[in-house]
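In the two complexes below, subunit A is the common chain; its partner is subunit B in one and subunit C in the other.
Presenting the complex of A and B:
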């Protein structure tokens, strides 16, 4: 496992992993809410790089547009519309937070054990890598997955109308 | 390479779980949920390249997940704004009317 040769993919993987984990840990530990959202946007951008590394260019662009763009801006607007009294405040229940941390660590231990003990059979390499990732995804999306695609468009419409109705109700 | 991606996704998921359960600011709780969904997306895309049967299906699934996550974020922020109008705070510990 550990005597792997250093390849470009490995170096890029560890660089992006450092960005992602650093961003998410900063998101947990920073004081101000806006700084948390900015570090989270950095983690989202690192994940987009990871998708490029995994030959998923279209998903990477969707990640940049939706997460690093739309969701981060939406969260910043949410922060602007609400009031935040100087950081997260004192931890009211330190025992509870410690218990949650222990639980998350135990879950990670379980995941790590399961990943290390599983034999992953080698696949035929680059069998599915299409020449034009976006075109292949588009063809698949509009041939095999047309019903979930339409259901998702209905879901998005309903969700956005619902969001407008929810946020507008108390204004007048 | 597949176990490395899976381990990274597990780390992300656990950080997101801790944030969703322990943080008091509701916006940070929503962000932690997004982080957990992103970990799942990373797993899907990793399996679509390194799985037993490499296929584009994993990427399609991850696009669907991103769409649902965007809808969830929009509705979540809208509910948050409505709650803030009603209660004057975004502390999740203040939203306990249904428990009492």
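Presenting the complex of A and C:
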């Protein structure tokens, strides 16, 4: 049944996977919006843990900084002023829910089959990248990917100015 | 300490690491206890008062008595509060404050984690505490707490940005996000090799933003007593309230240690002939001076208004921090390379 060794890494993987899946499921099923954001933040933290397991510390802590920190706070900031009471539960629709459950199970089976039958190439991760991936990312960004990087920053600036313009319009 | 980190994780090693963490927690708790006492004494002297002097010799047990009082207080949860988040928020505020201390190097040998992205780790985790403060304010279901939480979120986000950008100059100079490497890069024998002098603009921005991140006077608007009663923790009592206060003082420790590491040369002596003094002593001296400066600022400045606070953050500190990055990059490009 188990064709892998039980190591600390594997245990950590399953712990983080449980956090991610639990957070995502709670995010959908909870009723209060603030609780949803918290469970989403938990899922983000679990993802950051996954990145640490993959030796990508830089991406991991950027994930914590941007998603678990900034994005969650901004969302809570936006919905803090909403009513405390939970939303009214929607009427149960048994047939619809059963169909969705069947669909989800089929999708899971499909993914599981596809992953199990795929031959993964024996990835040989270069040790140099794993040692200082912050520097590796920086060098790649400013040598090979400089044009996409700059285009992205232009895109962000445009979005930023657009947001200010929209907010100004509402204020007048 | 560093040697333990490279060994494979067996049960024995795990136990040793756990014990070290427990010892460190006790040290931090001791620091917090006496930082509060010292703060009250210093502010008392600055305002021509005596400060606490009743409990124990010289009032040394005053904070212990205060903490004991908090622990035996009735633990109240308002009936209309969001029970789960109300309980979760204090713990969520404290855990990151203790976790960020893991990356601080005290001397060449004494550090807990030699993390490649130490500085980023610090900035990322300290954001989680803001989340907890906002949650605590929201879960209390009290208008003052909600306002305190809102202010806290706005303030901490506004000041996190100049705080992180002001450090970029230091990162440029040392070429690393690793706090240990940053201290090593400041090694030159004399005190003018510390980042404090080449990065004086960055240091000023960093320090102002840090005081604001700590929610301390003159930027303690989230808990401005005269307008918000107490701010986000107005409904908290006893142990949970103590946790919020604890997180706040652990961040004092963290910011003071981070300032020492980033700008004051960490464990390096200010002059070559003073090298015989162990590095940890230098670290502690600089650290104590930064902590004293924080208390000094608290005793001497009035509180700013909320609109002044926001415009200072976005219109002054942020442009200055960005200009500092450009200046540092120019200087490195023109004179160093």
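The definition used in the following text is that the second predicted complex is superposed on the first by the 136 of 172 C-alpha atoms of A that agree within 3 Å, B and C clash if a C-alpha of one lies under 4 Å from a C-alpha of the other, contacts with A are read in each partner's own complex, and residues count from 1 in each chain.
The criterion applied here is as follows: a contact is a pair of C-beta atoms (placed from the backbone, for glycine too) under 8 Å apart; a residue touches a chain by one contact, two chains touch by 3 or more.
Given the structure is predicted, the values throughout are model-derived calculations rather than measurements.
In the superposition on chain A, A:121 makes contact with subunit B only, not with subunit C. In the superposition on chain A, A:105 makes contact with subunit B only, not with subunit C. In the overlay built on the shared chain, the residue A:70 is in contact with subunit B and with subunit C.
Once the two complexes are laid over each other on the shared chain, residue contacts for A:154 go to neither subunit B nor subunit C. Comparing subunit C and subunit B on the residues of subunit A they touch gives the larger count to B. Contact with both subunit B and subunit C is seen for A:62 once the two complexes are overlaid on the shared chain.
Using the contact criterion defined above for the overlaid structures, shared-chain residue A:35 touches subunit C, although it does not reach subunit B. Shared-chain residue A:95: touches no atom of subunit B or subunit C. Residue overlap on subunit A between its contacts with subunit B in one complex and with subunit C in the other: 58, 62, 70, 74, 77, 84, 133. Against subunit A, the residues of subunit C that register as touching in their complex are 9, 80, 82, 84-85, 88, 115-117, 120-121, 123-125, 127-128, 130-131, 134-135, 137-138, 141, 146, 149-150, 153-154, 157, 177.
On subunit A, the positions that touch subunit B within their shared complex are 9-10, 13, 17, 20-21, 24-25, 27-28, 33, 36-37, 40, 43-44, 47, 50-51, 54-56, 58-59, 62-63, 66-67, 70-71, 74-75, 77-79, 81-84, 88-89, 91-92, 96-97, 100-101, 103-105, 107-108, 111-112, 115-116, 120-121, 123-124, 126-130, 133, 136-137, 140-141, 145, 148, 152, 155-156, 159-160, 162-164, 166-167, 169-170. Only residues 1-8, 10-19, 21-25, 27-28, 30-32, 34-35, 38, 41-42, 45-46, 48-57, 59-60, 62-64, 66-75, 77-82, 84-86, 88-91, 93 of subunit B touch subunit A when the two sit together in their complex. Within the complex, the subunit A residues that touch subunit C are 8, 32, 34-35, 38, 41, 57-58, 61-62, 64-65, 68-70, 72-74, 76-77, 80, 84, 131-134.
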